[in-house]
Structures are given as C-alpha cells and as structure tokens.
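Order as written gives the chain letters A, B and C; numbering starts at 1 within each chain.
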Amino acid sequence: MRDVAIIGAGQTKFARTEWPLVDLLVEGTRTALADVRIDETLIQSVLVANMGAGMLNHQSGVASAVVDALGIFPAHAELVENGPASGASAVKLGFLGIAAGYYDIVLVVGGEKMRAVTGWESTDFVATLTHPVAEYIYGITLPSMAGLFARLYMDKYGITPEHLAMVAIKNHDNAMLNPVAHIQQPITMEGILHRPEAVVNNPIVADPLRLFDCCPVSDGAAGLVLCAADRAKEFCEKPVLVAGIGQATDTQVLHEREDPTDLKAVRLASEQAFRMAGVRPSDVDVAELHDAFTILEIAESEHAGFFEKGTGHRAIERGETRIGGKLPINPSGGLKARGHPVGATGIAQLVELVFQLRGDAGDRQVKDARVGYACNFGGFGNNVLATILKKG
Amino acid sequence: MKKPTAYKCTKCGRVTTYARLRCLSCRNERFERVTPAETATLVTATEVHMLPVGFDVRFLRVGIAEFPDGSRVTGWLVSERIPPGTRVDVRWEPIRERDGEKTYGFTFHPSG
Amino acid sequence: MNELEATLRPKETVQPPYPAKRIVLASGESMIVRQATREEVPGLLEALEPLLWVERDYYDIVGARTFAELLGWKRYRVRDEYCLVGILDGMLVGLVNGRSLSRNIGISLHTLALRRGLRIGAHLFAAKMEYHIEYLNQKEVYIVAESPIGFRRWMIEYSLEERPHVHHELGGVISYALTRPLYFDSKDRLVVGERPVSDEMLASTFDFEIPEPDMLITQVSGRPE
C-alpha cells in the first residue's frame, strides 16, 4: 500500500446556520482547499460524509451536487453514510483509494444540517440508528442508550456525576480556545451540579446523564485533502501522514452485547489502527474522542488503551487529559462543545489533529505533538473507526 | 391476550426477543418460536426526558432486563425508579398507537 | 392628565411587586430577575427591535407581539401588565411578561431569551409562574404557545391542563392552564433562586445594557458570521 498524507484541512464554524446543506458542504471543501496550494482540477474523487441529507434535508445525490457546485468535473463522487462514523469512514475510503494506487488526490468533506428540523425531530432522526423492533418502538434514542450504558458503567467503576461534569467543563474550556467551536460558553461545577439551580441549569436528559453531559445539535462541515505521500510536498510544507486506520462492528441492539459495558468495537478498531501505525497507546500525544456523551470520553479512553479499564475517571481527576496534561483529550472542545454535525464530526476530529501535529493549533496547541489518535463512534458503538495520524 | 414471541436458534439455542435472519452467535438461519418467561431481572434503566417525535409525555422509563435463560430484552419500566438487580414481571402490552394501530411491546413491572 | 386621557386609561389594580432574586447559571454567573419599570420600556423595545424580522423559531411574531405589549403597558393602554427582566453583569439577557385577567386568573404573555445556552428562558418562565401563583396569589394562569418548541417546553414540562373554552388573547388555539396544584407539584424542579438580593446587586441591574443587534441576531438565528 502507498503511504497517504493529509495536505489540506479545514472546517466551518459549527453552529446553527441558514445555509442549505450543499452550500454548507461546499464551504467545508473550501476551508480545506484554502489550506493547500493545489490546482483543483487535480482532485480525482470527492467523498461526502453525511447521514441526514434524505431525512432532514429532503436531498439525494449530494456528492454529485457538491462536485457540480465546485465545478470540478469529471471527478468521481460518492456519498458515505455510516451514521455518526460517516466522517472517518469517508476518510478510510479515500485513504484506500490512494493507498491502492487508484487515485493520487481525494477530497473528503463531511457535513450535516441538523437544525433544519426541531430538536425532537433530529433526536428521532438519530434514533433511526437503533433496531426498529427491539429498540426504536420504545422511544429509545441515542441519549437513552447512553443513559442505560452510563448507569451500568458508573455503577461498575465508581464514576460520579462530578467526573462527568469534569469532562464537560474541560471540553467547554477547550472550546473557548477554538474559534470554530459551536458552544463557546464556560461552565462551572457549581452551576451545573452543586448549586440548587442545577436542577434547572442542567436537567436530566436520560439519567444519570444531564443536559451538559450531552453534545449539542449542530450544523457544520469539515474537509480534508488526501494525497499520495510521495507527492505531498508538491502542495504543502507540512503534510500529516495517515499512519493507521482500524474499524470494527458490534451488535446493533445494545442488550445483545455479552457485556453491555464492553465497547468491544472501540477496542478492536484501536488495536488494528495501532498495529497498522506501528505505535502503542503510550506513543499518542493528543486524542480526539467521540464524546457525544461525557461518559463516552471516559469509556473510550479506556477501551482505546490509554488507561486501564475503570481508571479513566481518575485520569480526569488528576488533570491528565487537559491541554498541558499527560494525554490531552479533545483539545478542540470535543463533540461536547466543538459540536456534532453528525457527518462532519469524524473529519473535524482529524482536522484538529492535523492542526495539532503541524503546530498550528494556536492557544490550544499540545506541545510537541507527533502522534494523534481519533475515535469516531458510529451508532451506539456498533461501528467504530480509529484513525492514527503522524507528523510528516 | 396477546403473547410475545421469541426466537430460539435451532443450532445453538440462543434466544432473541425479535425476529432475526441469522443467529447472532452461530449465524444459523433456522429458529423455533418460543414464549419468553414472564419474569426477568432488571439489568439497567434510565428515565428519558428528551423524547423523539410521537411521544407527548414528559418522560419515559426504559430498561433492559434479562430472562432466566440469559436472553435480554429492552422495554418500558412501568413503575417508579427501581435499582438494577430487581426482579420484574414482563408483560406484552400495547405501548403506542400509530396510524390507528396498536403497537405491542415489552413492559417491566416490579414483581410482587 | 386630561379628562379624555383618563377615560382611555384602564383602571389599574395595585399589584404586589415581584421581589428580585438571584439565580446562579451554568456558567457560575449570577442573573438577577426583577420587575421592570415603565421607564425602562424604551430600552426593552430597542432590544427587541432587531428580532422583528427574524423568522427563525418565531422570533418575529414573539418579538413583535412583545414589543406591542410593552408599548401598550408603557402608554397605559393595557390593564395590569407586568414585565420581569433577567440581567446578567449589567446586560439584559431575557424578559417575560404577563398580566392579570382578574383577581384569580393570570395571563402569561411572552418569554424571550436574548442569550442562548444557559436556560435563561426556562428560569424566566418559571419566575413568571412564581409571580402569578405565589405573589399575585392567583388560582391559575392561562398560557398558549406560539412555537412548537414553546409548546413542548411549557405544556409538556409543566403537564398543563387544557382549557378549551378559553380564548387566550394571543391565539385561536386551545389554551392551557397552570393551576396552583400543578405549580406546587413542579416547583421543586423548575423554580429556583435566592432571595433577598443585596441593594448593591440590585442597583447594578438598573441602566442595563442591551445586546448589539448583530450579535443578538446571530445568537438567536445563527446567521453565518
């Protein structure tokens, strides 16, 4: 397989926007293209990561529409849908196309316009990931799956609401340093948990998870330009290598898992990615984890191999996952505060890692970052991708 | 009274409480229909306040329960909050009405 | 006041004031909720003006109607109306208004949060209900929603009762009522805050600033920056 590099990266500000979906995706591509000096006619393929174009935005053929908007015919174009892991899946497919020698340059963009509908319609849309008979009919949603998981995980390992709040507070603080983050609002333990006002400030969503344990509903897009590594320096000074990609699936229905607290797919995907990259978890300098719910940042950090099972919350207590700590996690603000336009997320995680590995992350720069890891968690952990990037 | 149907793999005996093409354990495609037990143990539960379209109530309690044969089921917890490990009676009841048709599902009620 | 003006002004009931309270928000900052004065209405109208053209989430209709209600109150053309404001660090962050239909029945008019992400609307709506039930001692408050979000928030969250015979002045749809029993059932999880507010803190809420129009519109409707 050929080596593959990322030569351009960018994202829109995640927020609620009036822009139509295709315009949003095109803006995502433009942020990535603006980051690299490339003749756009060299782009051979455009992969679009998106989950909701049909259901939320009444659109199909979105990838073709993006090529049309960019005017880069006759580039190949496909839509990649893998739920919340659409972004990392699109990157994987772009990587494979170049590694196999079929392409030299692939543009990958992910985006979502979630705020086209009301909050409960977007909740319902994401809930279509669940099993229609075994789960969906009961009103099971992703927050409720996270609540079921969190109850078990917290009881098993002695994780407290304060530990979850620490994750949220850290990620909100990080997002204050990220100009494209959706939520730029510091929060405090006092305000979200300890004061009597917390019952209104931070109401239950799916207990034990509260409002500030859950990511917002965001619109946004993010893009990457992938290139054969042996050509990367033609286009940019600081290419970042895609060193390892792993993926694994697990049962769709949460109750069918042998141990519902075991994020097996995270573990297997991470092991595969580390093997391919020739590094270990201890070699990772910065990580972007899929914290759609605060409990998932803790659980994923353990299943990826960064901390022993049941000790991730201790690492947060000790400040190890802050910027400046032993292993900064979600310096971008994570899904929690950077935001979660579903199709964009996996790509936005890698955009952040690219900036970190290049030394271009500004006030949230992790010192001497050379190896980055991202976990993109599809469904409720039934389709997970782990991606490892290395400084070029 | 309507009874629920579960599906037991004819090869390895794994039971699922919804129809599947293939067994999750051995990929066998043949199942015999069985009736699930009427009691189970609550594994985990949550009170959900952010509900999707079609639910105009303030919250729902959903849970996962485990039957004596080890198979599990997701359903509604019809009670005040009860801790994991509690024995529950499992019923098959109308839980929703969609387009004029009743939809049946599993509900959990504290035993005794 | 001349005789004609006296004829045009409704006879007002003397209403007990709403005692100010302090609410600590998720950010750790303190929002003071207090009653607004008629003299403050021009500032409130200026704050509302940019919303009159924001269609998203029905800000236009809510903004326009609230504008008219406050103007009507200021110019003595509405009976027994009040307005509560939320002030955070000297900045207006939200307002609610309502009026008394009778000694026993209140009318909830509007709820507007000018800053999102801190549940300011939820706090101010609860303060409004607190005023009607606990300070005006009313038996029930009539409420309608103008947006789907408002409907889900208030009608479902408070388990309001339907009042099909009541035509609420804001709409032709079924009205809902928050009754005293419903209020006290929900109070623990919906109504918060500390009293009294120190004189110094209260004084800091007068001469409040209003949000910059562009920032306000971006906050509420998410225009790309």
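What we mean here is this: a residue touches a chain if its C-beta (ideal position, glycine included) is under 8 Å from a C-beta of that chain, and two chains touch if they have at least 3 such contacts.
Keep in mind the model is a prediction, meaning the values are calculated, not measured.
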item	value
Touch-based graph of the chains, sorted into line, ring, star, complete or other	complete
B-C or A-C - the one linked by more C-beta pairs in contact	A-C
Chain A and chain B: spacing of chain centres that average the CA atoms, whole Å	32
For chain A paired with chain C, centre-to-centre distance based on mean C-alpha positions, whole Å	39
Mean-CA-position distance for chain C and chain B (Å)	44
Touching two or more other chains - residues of chain A	119-120, 203
List of chain C residues in touch with chain A within their complex	23-29, 56, 117-119, 122-123, 126, 148-149, 152, 188-190, 192-193, 221-225
Interfacial residue positions of chain A with respect to chain C in the complex	12-13, 15-19, 115, 118-120, 183, 185-188, 190-192, 195-203, 211-212, 219
Residue ranges of chain B in contact with chain A within the complex	16-19, 24, 43-55, 59-60, 62-64, 72-76, 84, 95-96, 103, 105
Chain B-facing residues of chain C, complex	156-157, 159
Touching residues on chain B, where the partner in the complex is chain C	56-58
